[in-house]
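Labels run A, B, C, D and E following the written order; every chain starts at residue 1.
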Amino acid sequence: MSMSKPLTMKPSRSIAADAVLDIRGLCVDYGVDDNAVRAVRDVSLTLRRGEVLGLAGESGSGKSTLAYGLARLLPPPGVISAGEVIYSPPDGEPVDVLTLAPLALRAFRWAETSIVFQGAMNSLNPVHKVSTQLIDVIAAHSPGMSRRAMLDRARELLTMVGIAPDRLHAYPHQLSGGMRQRVMIGMALALEPKIVIMDEPTTALDVVMQRQILRQIVELRERFGFSVLFITHDLSLLVEFSDRIAIMYGGRIVEEAPAALLYRDALHPYSHGLLHSFPALRGPRRELAGIPGSPPDLQAMPSGCSFHPRCPRRFDPCAVDIPVLGSPADRVREARTVACWLHPAGGAID
Amino acid sequence: MRFFLRRFAFYVFTAWAAITINFFIPRLIPGDPVSALVAGMRGQITSDQIQSLTVLFGLDKHESVWMQYVDYLEQLSHGDLGISFGNFPLPVTSVLASALPWTLLLIGVTTIISFAIGTLLGIVVGWRRGSWLDGLLPVTTFLSSIPYFWLGLIAVSVVTYAGYFLPISGGYDPGLVPSWNLEFIGNAIEHGLLPAITIVVASVGGWLLSMRNMMVTVTAEDYVTVAHAKGLSERRVVMGYAARNALLPSVSGFGMALGLVVGGTFLVEYVFSYPGIGLQMLQAIARHDYPLIQGIFLVVTLAVLAANFLADIAYLALDPRTRKEG
Amino acid sequence: MTAAATGLTTATPPPDLTGTGGAPRRGRGLRRFLVNGKVTTGLVILLIFAVVAVLGDTIAPYDPSKRSSDILQGPGWKHWFGTTHIGQDIFSQVIVGTRSVMFVGLAAGAVATVVGVVIGVTSGYLSGAAAESLSAISNVFIVIPALPLIIIITNVVPNSGDWTIALVIGCTSWAWGARLLRAQTLSLRRRDFVEAARATGESTWRLIGFEILPNLTAIIASSFIGTVMFAVATEIALAFVGVSGISEWNWGEILFWAQGQQALPQGAWWWFVPAGLCIALFGTALSLVNFGIDEFVNPRLRSNARRSFRAADGRRVRMRVGFTPVVQAPPRGEDNER
Amino acid sequence: ACGGKSAATTKSSGVLNIGMPDGATLPANNNPYLDASFAKHLGYTWLIWEPLALQNEAKPTADPKPWLATKWDWSNGYSTLTLTIRDNVKWSDGSAMTADDVAYSFQIMKDNKGVNYYALPIKDVSSSGSTVTVNFDGSQYVNRTKILSTQVVNKKQWSAMADPSKDTVANPIGTGPYKIKSVTPSTVTLDVRSDYWQKPPKVGEIRCTTYSGNDTQLPALTSGATDWSYEFLANAKSTFVARDPAHFKLWFPPALSADGLWFNTTKKPFDNPHLRRAMSMVVNRDDIFNEGEAGYFKPKIDNITGIPTPAGDPFIAAQYKGKSSQADVATAKKELTDNGFTYAGNTLKDPTGKAVTLTLSDPADWNDYQTDLTIIKDNLATIGITASIDKANQDAWFDAVGKGNFDAVMHWTNGGATPYDMYQNIMDSAQLQPIGTTASGNYGRFNSPDATAALKAYTAATDDAGRQAALEKIEQIMVEQMPMIPTSAGNLGAEYSTAKWTGWPDESNPYEANQPTRPGMLDVVLHLTPAS
Amino acid sequence: MTTPAAEVVLEAEGLTKHFPVRKRGRAALSREVRVVHAVDDVDLRLLRGQVTSLVGESGSGKSTVARLLAQLYPRTSGDIRLHGEPTPLATARGGRRFRAYCRRVQLIFQDPFASLNPVHNVEYHLTRALRIHGRAGQGKEQLRAALANLLDRVQLTPADRYLSKYPHELSGGQRQRVAIARALAADPEALLADEPVSMLDVSIRLGVLNLLRDLKERLNLAILYITHDIASARYFADTVLVMYAGRMVEGGDSETVTQRPAHPYTRLLVESAPDPDRLTSEAGSLGEAGGAGEAGTAGGVGGAGAPVPGGEPPSLISPPAGCRFHPRCPFVMDKCRTELPPRLQVGDTGEHWAACWLFEGVAA
């Protein structure tokens, strides 16, 4: 019997030909003075049309900051200090999200890029009915619509994520955690956006519910063809679920590669360590390595490669120079990049 | 529902506690109303009269405190609050009836106004944290630290100095007959203006600060960020998401804070000789008019309880989490 | 590339990575607390009042009750704040009156805090009928209008010296603190660290005294300050309406005389303005310190972080919720500062 | 209540505005027997229920003016009163007043302790024709004036009441010149009666308004909203008179009662008359008058007998006439050192060698007394006595005074038509109670058989000579022993404005005391004429 | 079940915990007592030198079991035996008996960020634990030595660097180590670890788990390892017990339970766990899942295309009659709806059991 099947749809990879979101050199700080925490440092990342891009890394590595930063949703004292976020709609000119005027930005939000936040309980306003919160989105972006039509659409959305439409007028606290998370997913798809950012959408849920929801996301993506930026620190989940995976450490992307490739052969010692921190449920019981030490303090980053104090394979250049993300010279034929002196960039140093 | 039952039990308990405190406190007073009356009449009353006054006030009977308590409860159940010593032989209820409307109006209107203004300003200041509006905060702190009555004194002297452009005392011109005609109502409003402004100015700061703090807290909540992410208009985000939720603690604090507001208002009445409960109460205390003190205290406590009840209902309406689940 | 498995990871991080928090938490917290501008302002004002309260009669230029022939004079060199109807020096009255105000404020605050802590923490920690009734009592005390009650009680007690007033105020105004503490205790007592201490075998009183109470310090301090504010305002109100027979000078007493002697119609503004300003100033100082504590407890309220700044191109940029500012500064050199 | 604007609306001619700062804002209560009633607070009780005779309280020795009684005779050693009733008097309901009504007015007092305001010992009452006879227990010499000021009430109306001491008398029937026109919570308006038994007064309408306190009454006075009031004004000259010196007047004739410093004469060393005398010698009555009483409110008592002058002039013994207390530190010190007191530096030591200190106390919110105490404290320092002031809680204070638990307090005495009331209040040992038991007079526990005998002799005396002799004896005891230090007289005065009405009594024409709540106000109202 | 060779340290039988529910609304007027059936009739034994793992989804009652075993809650019914000695109910109320008990059985909490008091430093936490259990020794020196020894055991060396630190100055892994050190201060025989790593970062989880394993081996402790991560149970535990809605549904050797789950719920759990290998060796994964079926009659029912069990965990206030999993079970039979399945043996090793009617025939 098979109660589950792999979550990834293989064909999607071929659809993903061109970039829908191109992040270039994004830097995000918390604070503006010398005490500022530099949470995201010079991150470049491309999200292709229709793909699931996984973003992993331990707590505090800047995953959420990156996700909110590109939508300019960081709460104060967050400041975007450099970079561009180019959004290319399927039909039309690419725009830099960071330079949009407030009105245009509002229109862009949710209609083009929606976000499923880390905790659903906190994402839904406890004092408004689910219907109100769903309708709010629709009304904000298609003001002409009649209320009845909006309600119908809201019902449709709930059905789509597997919730009985009669729960439309429930308050968030009357729904279970899984239902709330689904409501959020339904809401994220309300305007059929091109990009859905999901920040640990399932961490608070148990595995059974997690799988149900992920399956739902996969199905919906097949139907609507949006791209997903999927954030979690559960690498085994990502490997199964995403097309490509980027690993963050200390505010930087340290490695980026197709999921299977990364799983089989992680180049960066940190990625490698991460992958070997998870006990596997199946297969032979293998010895787990783990990563020694503790995550870096963003306010007092070690010099050179920020991972070097914990790195079992560090050598001289690591403590001095920051490795640049580029396709490794020893793996030029694979579509991957890494920032590690063990695998100095070949062609990408340009 | 459970919320309601609990609250209801609380109301009953508080009412009972207030009634009981109310009964016992005056009984511990060392003096008695006759000597207080003598005090009021300094020199114009002879020693012999004291005896007849004692008889007059029915203070010559001696009953156990417990019996008195039972009598008191029994009387209360008939709505009988006794006879006011200081306004002998009027029943306390009629004294209350003449004073209560003034206080209710004054406190009611000013509290609502200052709550509304304070909350609105608090929303704006909390939302626009970091803008020049933050400059309001020290001013507000200072204003809310000023005792109500002193602000009242200053208001009186300013008005006096500026040539009485507003009436500085009383509830209406002496000689006017209270009635529902325009002249009287206009006059009453004119008289209420200065006390009302005083109370509003002195109390608006508290609401502002608490609302602002709540706004600051709520603004950092995820659902507000989500509301932004949804591309809602700023107005909708502020009012529908941030302020709506930030209001909840204010509303539940509203009823509770009334107890404090009432105290301040009493002194304002005193300063402005406003013909309300507060003024009556201070006079009743000077005259040792227990029944009136008791009556006033009871009525005020019940009124605060009633306001709490309204605040509870408002809270219930605003926060679905307190409602019974389906 | 798989490195040799380390098996047991060493828990000792490289020396240069830890050791960041060298100063113990208290010290750092206190410094952060003091650096806060509001707190410093408030504390400085309070300090001045405290000095005046302690030195009181020694620094007052005159005996505050002493009559003189300068009757009802406005402020001048001889009498900074003017004189009363019998020639008493109002400046001296304000100075000498500070002590009683501070005393009643602190004593009432202390009484209320002790009662509030005892009732709040017990009713929060224990469960059952006793706790419920304690909490019901504090709710009752919150709802019952405090000032009228205090006025009545003050009338009841035969000798209303500073101590009595402080006791009465303290015994009637603990409820807010108790409520806050109860709520906090309720959440603390189910915290893992309390359960963990219990699982270690700590006794109940140690749990309350050493595990829960220290975590309530900020709330206790803030409710103490709140009560002091309330007590001061109440004491002054009592003196002002003349129900308290305070024999020593205090600011309310000055206002009482000013009111009784019709200072207003006489145009003797100097009689009531200084005392009132002192009250307001004292209250403001207490509020400022209290804000500091609030911010200490709730980091979100902390406002010392800069909320607006000048971008490299000279624009003023305000941090705004929902619209993260973008400062496309000339790219700061590589971010490897340290 | 006070603005110039409101003055304009109330300044209609033909209206006399009486204002009282006693703060009641109430449904009106017209009961003439109740202190708390509007009628008494605002004084209009006298305009509705007239007395039998009217005593000029500014001149207590003058004969009362006949009013509803045309003639009265005391017999039986002042224990029987025979009244002849005026016969042309009509009640406001049109019926005629009869001797029956008068008799009933005494009977109601006998039957209801609650309305027997002066606790008169009425034995029986009878009437026949136009005479009424009232029998008392014992001599009522000292109560003569009070008895004659009895207000006559309508028997028909009052006998129908369930409890006269609890009725608000919503529609009073009286013989007086005015009847109630309207009542609001703060103002009672009276209309003149056309069928009054005398020539109707010129004042067509009287508005009696209650103000919440001195602060609100004052602006009403100065704005013209009030023509006549009785209130304490700090610095009355600048805050009131100076506003319109031509019209704003005040006159405060003394009554025969005294305010002063009472000692607990059982406490050492204050049981020593020399000490009390010395203290009296240094108390600065001028300062008390000028600063404590704002220069007018309670007239200064000059005479060393403590009898207020000029009202009490006729009673003062020849030897004390014109002898006034003057602050005299040297004499006081001499009196002390001659009698066993010593000085250690500036500190006075009593004969046992203990420093003399005392606590002066009065309720906190009694502004004038507190000021007086401050002054006395200063004065006592000049002879080396350290005094401290206790601002007591009012109830505790009353309790302490009654029980004799005090060192010294400012307190008043009873008053009456003769100085008897005042002295009796101070020295009668019939009122003597042990410390700890509440006394209703002689709070100082002054125990002097001589004084008691003299007081008795005064009431029992059958002729003026006997009375004068007894009184002189009492005065002598007062001067020599000073059981209490009189400083100020009780007052019967008022603030008034001549802008609209003239004809007020004053020093030059003291035809009545002018306090708007005293019986004499009836006569004053009848004297008023519009200012041209 | 056969008696295991190892010594039983802590044993629970019929352990049940019902939490009373606050009545609301109309129910408040009725006399019916409503309870949360958080734990019902749970049997388990902890063996010296072995790790027993308790897995199950959130809310299934794992923590409640741990707290019951630690005597932090009074139990509703059932027995807890420490070395065969029954512990009276009153133990949970504190006092000397409780202290004696918790000297031998210690609990480690899920969240190291919450289980250390932020106002006390490491030294305080550990000193208190030593003092209470009388292991602080005489004088400062012995105490120092004891502290150093303790920190050494959890590999926080040198001790002096950590003693004066406050919890917020430590990383998550270090905090959890301090919490473990505190538990060790009592020198217990049984350690109850309630999701000791779920709040820790992936990269430091392993260190803590390895530490626990090391302790088990060095100190011969009996450890109860509670987790919802079935993969880590496989990695770390000797025996695995599976809980669902307050009841034990399956138990056995860890490799067997995770590789060949018998109970439909366990299967669901195993299936749902993220598994990167599924992508790379799809066939193998499917094969293994099917392998579970071999054990019993399920073979015929399973197969591709079986509906994915949806739905939610049941309400514990009114749990479903019969098997609590039946509303979600793809293999539900009539019997499941009414009759509570007993522990039925799975396979023939004798160690593996499941509370599922599917295995009735096999057991009989």
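Convention: contacts are C-beta pairs under 8 Å (C-beta built on N, C-alpha and C of every residue); 3 or more make two chains touch, one makes a residue touch a chain.
Which chain is which protein? Per UniProt: A, E = Dipeptide/oligopeptide/nickel ABC transporter ATP-binding protein; B, C = Peptide ABC transporter permease.
Model, not experiment: these values are computed from the prediction.
S.K.: Quickly list, by label, the chains bordering both chain A and chain C.
M.R.: Per touch definition, common to chain A and chain C: B, E.
S.K.: Could you tell me the least number of steps, going only between chains that touch, from chain D to chain E?
M.R.: Minimal hop count between chain D and chain E: 2.
S.K.: More contacting C-beta pairs: B-C or A-B?
M.R.: By number of C-beta pairs in contact, B-C is the larger.
S.K.: Just curious, how far off is chain D from chain C if you go by their C-alpha centres, in Å?
M.R.: The answer is 51 Å.
S.K.: Determine the centre-to-centre distance between chain C and chain E, using the mean Cα coordinates as centres, and give it in whole Å.
M.R.: From the centre of chain C to the centre of chain E is 47 Å.
S.K.: Can you give the whole-Å distance between the Cα centres of chain A and chain D?
M.R.: Once rounded, the distance between the two centres reads 92 Å.
S.K.: Nearest whole angstrom, what separates the Cα centre of chain B from the Cα centre of chain D?
M.R.: Once rounded, the distance between the two centres reads 39 Å.
S.K.: Mark out which residues of chain C touch at least two other chains, giving numbers and ranges.
M.R.: 7, 9-10, 13, 18, 20, 155, 158, 241, 243, 259, 264-265, 306-307, 319, 321-323
S.K.: Any chance you could list the residues of chain B touching two or more other chains?
M.R.: In chain B, 29-30, 129-130, 160, 219-220, 225, 227-228 touch at least two other chains.
S.K.: Quick check: what residues of chain A touch more than one other chain, meaning two or more?
M.R.: Each of 68, 73, 75-76, 105, 288-292, 294 in chain A touches at least two other chains.
S.K.: Which of the residues in chain D come into contact with chain B in the complex?
M.R.: 1-6, 9-10, 19, 23-27, 29, 31, 34-37, 113-114, 116-119, 165-168, 182, 184-187, 189, 207, 209-213, 215-216, 219-220, 223, 225, 257, 259, 363, 365, 394-396, 398-399, 402, 412-415, 421, 425, 431, 440-441, 490
S.K.: Taking the complex as given, what residues does chain C use to touch chain E?
M.R.: Chain C residues touching chain E: 7-13, 18-21, 24-25, 191-204, 210-211, 214-215, 217.
S.K.: Where on chain B is chain A touching in the complex?
M.R.: Per the touch definition, chain B meets chain A at residues 129-130, 219-223, 225-233, 236, 240-241, 244-245, 248, 318-321, 325-326.
S.K.: Over in the complex, which chain C residues touch chain A? Could you list them?
M.R.: Residues of chain C touching chain A: 1-7, 9-10, 13-14, 16-18, 20, 305-307, 309, 317, 319-329, 331-332, 334-336, 338.
S.K.: Can you list the chain E residues touching chain A in their complex?
M.R.: 57-58, 171-174, 201-207, 210, 228, 230-232, 234-236, 255, 258-259, 267-282, 284-286, 288-290, 292-293, 298, 301-306, 308-310, 312, 330
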